[in-house]
Structures are given as structure tokens and as C-alpha cells.
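One chain, subunit A, appears in both complexes that follow, with subunit B as partner in the first and subunit C in the second.
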Partner chain A sequence: MAGNESLADQSGTQARRKAAMAVLAHSATADIAGHLADIALPAHEDLREPENGLVMVRGRIGGDGVPFNLGEVTVSRAAVRLSTGEVGFGYTLGRDREKARLIALCDAMVQSDKLVAAIEDKVVAPLRVAMIERQNRKAAETAATRVDFYTLVRDEG
Partner chain B sequence: MTTIAEMPAGFSDKVLSAQSTFRSVMDAMARPGSIQRIVAAGAPLGMMPGAAAIALTLFDHDTPIWLDSKMSAGPDVGKWLKFHTSAPVVADSSMASFALIGDPQSLPALERFAFGSNEYPDRSTTLILQVESLSDGPVVELQGPGIDGTAGLHASLQPRDLFERLSINAALFPRGIDVVLVHDDSIVAIPRTTRLVKKG
Partner chain C sequence: MYVAVKGGERAIENAHRLLAHERRGDRDVPELSIEQISEQLSLGVDRVMTEGSLYDRELAALAVKQARGDLIEAIFLVRAFRATLPRFGATEPVDTGAMQVRRRVSSTFKDIPGGQILGPTFDYTHRLLDPQLAEGFAPEAPATGHASAAATPRVTDILGRDGLIEPSPAGDKDAPVGDLTREPLNFPADRDLRLQNLARADEGFLLALGYSSQRGYGRNHPFAGEIRFGEVEVEFMAEDAGFAVPLGSIALTECQMVNQFKGSATEAPCFTRGYGLAFGHSERKTMSMALVDRSLRARELGEEVIAPGQDEEFVMSHSDNVQATGFVEHLKLPHYVDFQSELGLLRKLRQEFAGANVTPPMQEAAE
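Showing the complex of A and B:
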């Protein structure tokens, strides 16, 4: 799969996969499916059927706090292989198996030289715009409720 | 070397296939000597479909696996098991919950596997033997719980002295070794309570 690729090429694909994953994990299943419907999907099979599991989330209070087990969260994962050999992995919080499968499919397509343009333009880019918009709106809503506290020096006289 | 891109897929329908395989193994254990069929799954090179389906159904991260020299000859089987079952492959056969035997001729002495303890007889190694045939070969007559009278098994058994070796089960009880014979998509179970009556 790799082998002949140069190191720079590999890290480029790696970075692209990371960026795509950051967007896909924060997008709704219906949105991913909706955008995927716009492009012709390549032949693929489920290498690993979507499945649910638990992972332990570790937490820390403050920057220098001691790590502790915060609790377990559900995760779904899947692996999809395209007929051309690219294998994509999808992990997402929650029990949405279809989402894990769609993420895995997108991840596989991001690795394919032929499909990467289509998936970046038609799926990842619009989802990224929507995600940033959502984040900005949330930030604006939060900022509107901001209260500034002042410490008054009390005159003890 | 097989890359992940060439690795055979697991069950196409995880839940139903695993349930039906579990049922087949349970029936085989309940009726020693009877041949049960298994829905085939994708299998790596060197592994029969029946053995692969059993692996996908019964192996998980809590069941250490021991592979014989034929199974561990190439990286295929180990990688496939790790990807699909996440079961740890161990070098010490006495630690294993399951042992996959690709070449039963050179089956190591049974003492090298786990017999369980009197308190926990279930902590024994279950041997999964890939044999040449389960339909023709000399008749072996079996007796024990789950068998009405005697049951005949036509199989080309390897190793030839399998039942002689398994006779230690009588003295060890409740400890002991359970065996599953696999050929293609057929399986026959020889639980630790089954005894050899006559060999043809």
C-alpha cells in the first residue's frame, strides 16, 4: 500500500485524513450521508462490521491535576475497504454505527488518489463550513451572556 | 506478506453469523461425535473456514490463543486474528484458552496445555484441530454423556493416537482437554467426558 510513496506524500495523506476525521466526527450522520449521495461511491466492503464498545475517558482537574478515570463512554467503530485496496477506519463517540461506517468509507476515499478531490470538495469542505458556522454561532451565543466581574477595593476606614 | 488491504473480511453479518456458529459449536459439544455445519466466514491463508468462524465467534481479548508452528508460519493468521478478534497470541501453550492446530500430526503432548483446576475446570485449553476429513476414514466408536449408546465417527484422525492421548481425561476429571475437529465447514466436538469404545 505505502512502500513506494515518499515520506512527504505519506504525511500529506496523513494530515488530510486527520483533517477530514476532525470534521466528520463532528458532523451529523444525515449530513454526511446527504453529501455522500452527491458523488458516485466506489465499490467497497465492510472489513470490520460497525460495532459498539466502551472506552474509559480520563480527566484532570486543572493543568497540573492528577489524571483520574472520569467514566466510560460509548464508541462505535468500523473498517471499510474499497475494491482498489484502500482501507478506511471510522471511530466516533456514541452508538451510531452507520456514522462510523460512513466515516470509515470517507477515510478510505480520502486515501484514494482518484477520489480524494471529489470527497474533499463535495463532502468534507461543505461539512467543514457548516461546522465552523456552528462553532461560531455557539461562541457568539455564549459571548452574549458574558459577565465581567470587577473586584472593588473596600475602604476599611 | 499480507497487508491490511488484502486481509479477508470477517463475518458479513456479525451478530447472526456469530449466533449461528455458537449454536453449531454448542450442538457439537452436546452431541459428541456428530457432524455440525458452520456458516463459512472469510479465512486467512492456512485456516479452514470452520476454524475461522469459531475464532470470530469465541475469541476475544480475554482468551489467549496459542498457534502451532504451521499456523504461525506466516504472519497472515496472527494478523487476521488480531484485527478481527483482538485476542492475544501467546507463546506459552499452558496459558492459552484456545489452541489452533494447523498440523495435528505434530500436536505437542497434551500436558503442555492447560487442564484447568479443580475449582475452575473451565480454565482449560480447548484444542481446535484442522483434520483432513470428517466423512471418510476408519470408524471410531464413542461413548459418554450426550451419546445414546455409542456414536460412530468416520474420520481420518490426526494424530493417529488422539484418543489414546485423550484417555488422560478420565483420570483428570473434572479437569481435562476439550477438542474440536474441523474440516472445511464441518465440525465435530470431543468434550472431555467422551470415551473411546472401539477403534476400527
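Showing the complex of A and C:
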């Protein structure tokens, strides 16, 4: 039973990490840094120097069939270790190495019981609100271009 | 005897200096920024990303600037850059059905779930030059509407439910995905390799081939089942983290062509399909790609291969504009020695010709 609990725990932590990463990857470096400035940062070190590379983007034939290689995208990645041992990973599209490092730092903090509340409330939550606002604004602009068909009724009389 | 000739270093250096000067143009005109190119010449940037086969708006915009707006030169620069970075791996296949749609139209069904969404399109514009734009023009803010929470499923998925259209190819999930940047191309090539080739292929080449199929060179009766453009989330299986990490989103255009049906004694007739997918907002590219993808399925569908657009070796060997421009443009580099040997041969042949055709005295005329 204890094993099951820890498994559930693990998948809960993983879901939380993934949700935080999704928000951070969509946020600007300056905004992440700005919110991180509001909390006390734990002692940490670079486990892997931030680096640039490529990832091959895959599509699916017909949208839902077998995969094929579409083309590459630039990616930055980094790994950060807190002095308390948590290891965080940062991955993001683009060549901004600092952004990858900040995401890795946030990911490490999300895994720390002591720090998770602060990082969620002060960094991820406000960035999520901003991200959803941007998406909603785009969705509203797009919605205005939806076609409303109407039928011209012919006067049969 | 072999004679090596050197020289021209100073001329080359000065030519590049002159190029930089010409690229800058009139220095009384403000210099273009990368942001201006990325934001205001965005469709050119999208084309450079697609055919350069590298999604990075800043790099593509820089390439457009460096190439003075010559998009094929810019594509060449981007291809060369991608060779300088290590590859971390491949993304999880993107789900275009979950796209945050910016535009989505179907020419086959009027009433589709999620609706017809025009988005930012040149369609239905009058194609009249707008003098306002020449004077500095601040457009009004876009209109907003009520965004529906309803999903926008792919039109082909809806048709597929009734069996009216062939399903997408479902293969072995663990089968390796062909990659023509890693292995040399062999024919016949599978559809995954063909699509990778078409995705980075020259838009003009695919447009002409697609057009030729419409005009009767391997006709396959296409309808634009659906064209969609928008943002798609990208995930990467990070071995160190131990799960698929979100990387952010990229803009993609997808085109599903629905083509003439096919049936046999054992299978009920159904529509066949062609598929197009490209980085950014690349509608003409994805439509052309889908037409050519369908044409290239001739062998698989038992159609007679009679037109260039159905010949995969012809299409795939000539679709890459970096390769094509390399071979065409190398002709302007010095070929002095080659040409000297041809010239020597030609002189010899002409001498032999003259010797064999000594004109006999024209007696009749003399008389």
C-alpha cells in the first residue's frame, strides 16, 4: 500500500512539474525572472550548463497516422541542483539559455516540499493567468472571423 | 601539364565589402531590424523556416536580412546554420487536432463542428494596391467575438467515422521514422520520407507540380477538405527528466486534400487523401504539398504513373532548392580548365572536318 501511495505521489509531482513547465515555456524570460525576484531563492548550482541544440519536430501522416519528420526547431536546455538535492530540468523552444536555466530552477523548486507553495503562488500562477489572457484574446479575435451562414428565403408567392 | 592559377583574393574581399554596402542601401533610410522583418514580413520568414527546415523566427529573419530578401539564399543560410548545433532528439508527434486554431476552412462541408474560421487571410481581398500602406498606416484593433469552447476536430476525422474516406496509415508504432537528413535517399521511398522531402521542398516547384496535376498530368480530382493554421503544443521525451516535457508551441499550417475515390472487388469505394504540413502560415505550400503527396501515391493506389508529379524519383530529386541552386549556380564559378579542354577538342574536330571536306574545284561554275 505504501508503495502505491508513493507511486501516486510521484505521478502527482510529475503532473505538477509538467503543468509548471508548460506555463514557463510559454512565458518570456524577463517575466519569469521578474516573478522569481519576489521570492527567496534557495542555494543552487548548475548541474548542466545551459546549452542550445535542435529537436526534430514530428507530425503524423494525415494528422493521426504514423509519424514523419517535419523539420527541426531550436531548443535550449539546462539542469539545476538545489543544495537540498532536488534536480530540476529546463527545456524550452528557442536559443535563450537563461530561460532554460530559470525553468530548471523553477522545476527543482516545484519538487521541494518547502518551496513548492511559493513557486506555484508567486511565479507559476501569475504567469498562467497572463498566458490564459493572451490565449483568450487571440481566441476572441479569431472568433470574430467565424462565418455565420444564413439562408435567403425565396418568396414563393 | 597542370597549371594552378591563384588570384582574386583582394577582388573577393572588396566584392563582399561592396555587397555589405549595397545591402545597407541608402544610409539616409533607417536600417531594418530583425524584429521588423519577423513581425512585418512574417510570411517570408515562415517560408524560410519551412524550407530551411528549422523553426526559429529570429534566425530566419536574420537570414532574410543578410540575403537582402533573396529567400532561397536565406534558406541556404538557415540550412548551413542547423548543421552547427547538436540534435537532442525528436519531439512527440504533434497533435494538429488540438491546435489553437487561428484559421480553419473547409471547401467540402459548410457546417463543420467549430465552424468556418477565416482568420487573417488574403482570401476575398480585392488585390488592389493600398496607397495607405505607403504613408504609414495604423490599422484598427481587431474585432473580437465570443470564443466557443467547442472543439474543432479535423474534417477528415469526421468523414472517417462513416468510412467514406480512407483512414490515415496506421503502421507499427515502434517502427523507426525515416530521416533523409541522416540516411541517403533510396527509391522507392516510403511516405514518411516523401513527406519530409516535400515539407522542405521549394514552394514554387510543388506549386507547379500540383498545378500540373490539376490540369490533367496525373489528375486526381482534389477538394480542399480542410486547411487549418494555428499554434500546436510541442513535447519532448527528456530522458533526464524521465517524462515528456512541454517545450512551448509552434505555429503550423495543415492541409487535408480529399481526392477521387478508389475501390476494388474486396473494398468499398472511398475517398483517398493527400496531406500537407508546414511551419508557420504557409497555405499555398501545404496545399501544393498535399496535391503532390497524393500524386506520389500513384504506385501504392495502383494508378498508372504517366506524369512528372507521380514520379517520386523525379520529384524528390529536384524538389530541394538548396541542392538545385547549388548545382545551377555553380556554373558561374571558374571552369577555365574544363572549358580550355573542350575548346581544344572542338578545334581539333573542326580541323578534321575541314580536312575531310576539302571543296572540289567548281568546274561547272568556271565554265
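Note that in this section the second predicted complex is superposed on the first by the 137 of 157 C-alpha atoms of A that agree within 3 Å, B and C clash if a C-alpha of one lies under 4 Å from a C-alpha of the other, contacts with A are read in each partner's own complex, and residues count from 1 in each chain.
Basically, a residue touches a chain if its C-beta (ideal position, glycine included) is under 8 Å from a C-beta of that chain, and two chains touch if they have at least 3 such contacts.
This one's a predicted model, so the numbers in the text were calculated from it and none came from an experiment.
Student: Following the overlay on subunit A, give me a clash-or-fit verdict for subunit B and subunit C.
Tutor: fit
Student: Just checking: does A:85 make contact with subunit B only, subunit C only, both, or neither of them? Give me first, second, both or neither.
Tutor: first
Student: Of subunit B and subunit C, which one touches more of subunit A's residues?
Tutor: So, of the two partners, C touches more residues of subunit A.
Student: Report for A:21: first if it touches subunit B alone, second if subunit C alone, otherwise both or neither.
Tutor: second
Student: Using the superposition on chain A described above, determine whether A:49 touches subunit B (first), subunit C (second), both, or neither.
Tutor: Once the two structures are laid over each other on A, A:49 reaches subunit B alone.
Student: Could you read off the angle at the CA centre of subunit A, spanning the centres of subunit B and subunit C, to the nearest 10°?
Tutor: It is 80 degrees after superposition, to the nearest 10.
Student: After the superposition, what is the least C-alpha distance between subunit B and subunit C in whole angstrom?
Tutor: 8
Student: After overlaying the two complexes on chain A, where does the subunit B footprint on subunit A coincide with the subunit C footprint?
Tutor: none
Student: Which residues, counting only subunit A, touch subunit C once they are in their complex?
Tutor: Result: residues 14, 17-18, 21-22, 25-26, 52-75, 77, 79, 89, 91-95, 107, 135-147, 149 of subunit A touch subunit C.
Student: Mind pulling up the subunit C residues that touch subunit A in the complex?
Tutor: Touching subunit A from subunit C are residues 49-50, 53-56, 58-59, 82, 85-94, 96-97, 100-103, 110-111, 115-120, 142-148, 154, 156-157, 167-172, 175, 177-181, 191-193, 195-196, 199-200, 233-234, 236, 238, 240-250, 252, 254, 256, 273, 275, 277-279.
Student: Sort out for me which residues of subunit A touch subunit B in the complex.
Tutor: Checking each residue of subunit A against subunit B gives 1, 45-49, 51, 81, 85-87.
Student: What does subunit B use to touch subunit A in their complex?
Tutor: Interface residues on subunit B, with respect to subunit A: 3-7, 9-14, 83-84.
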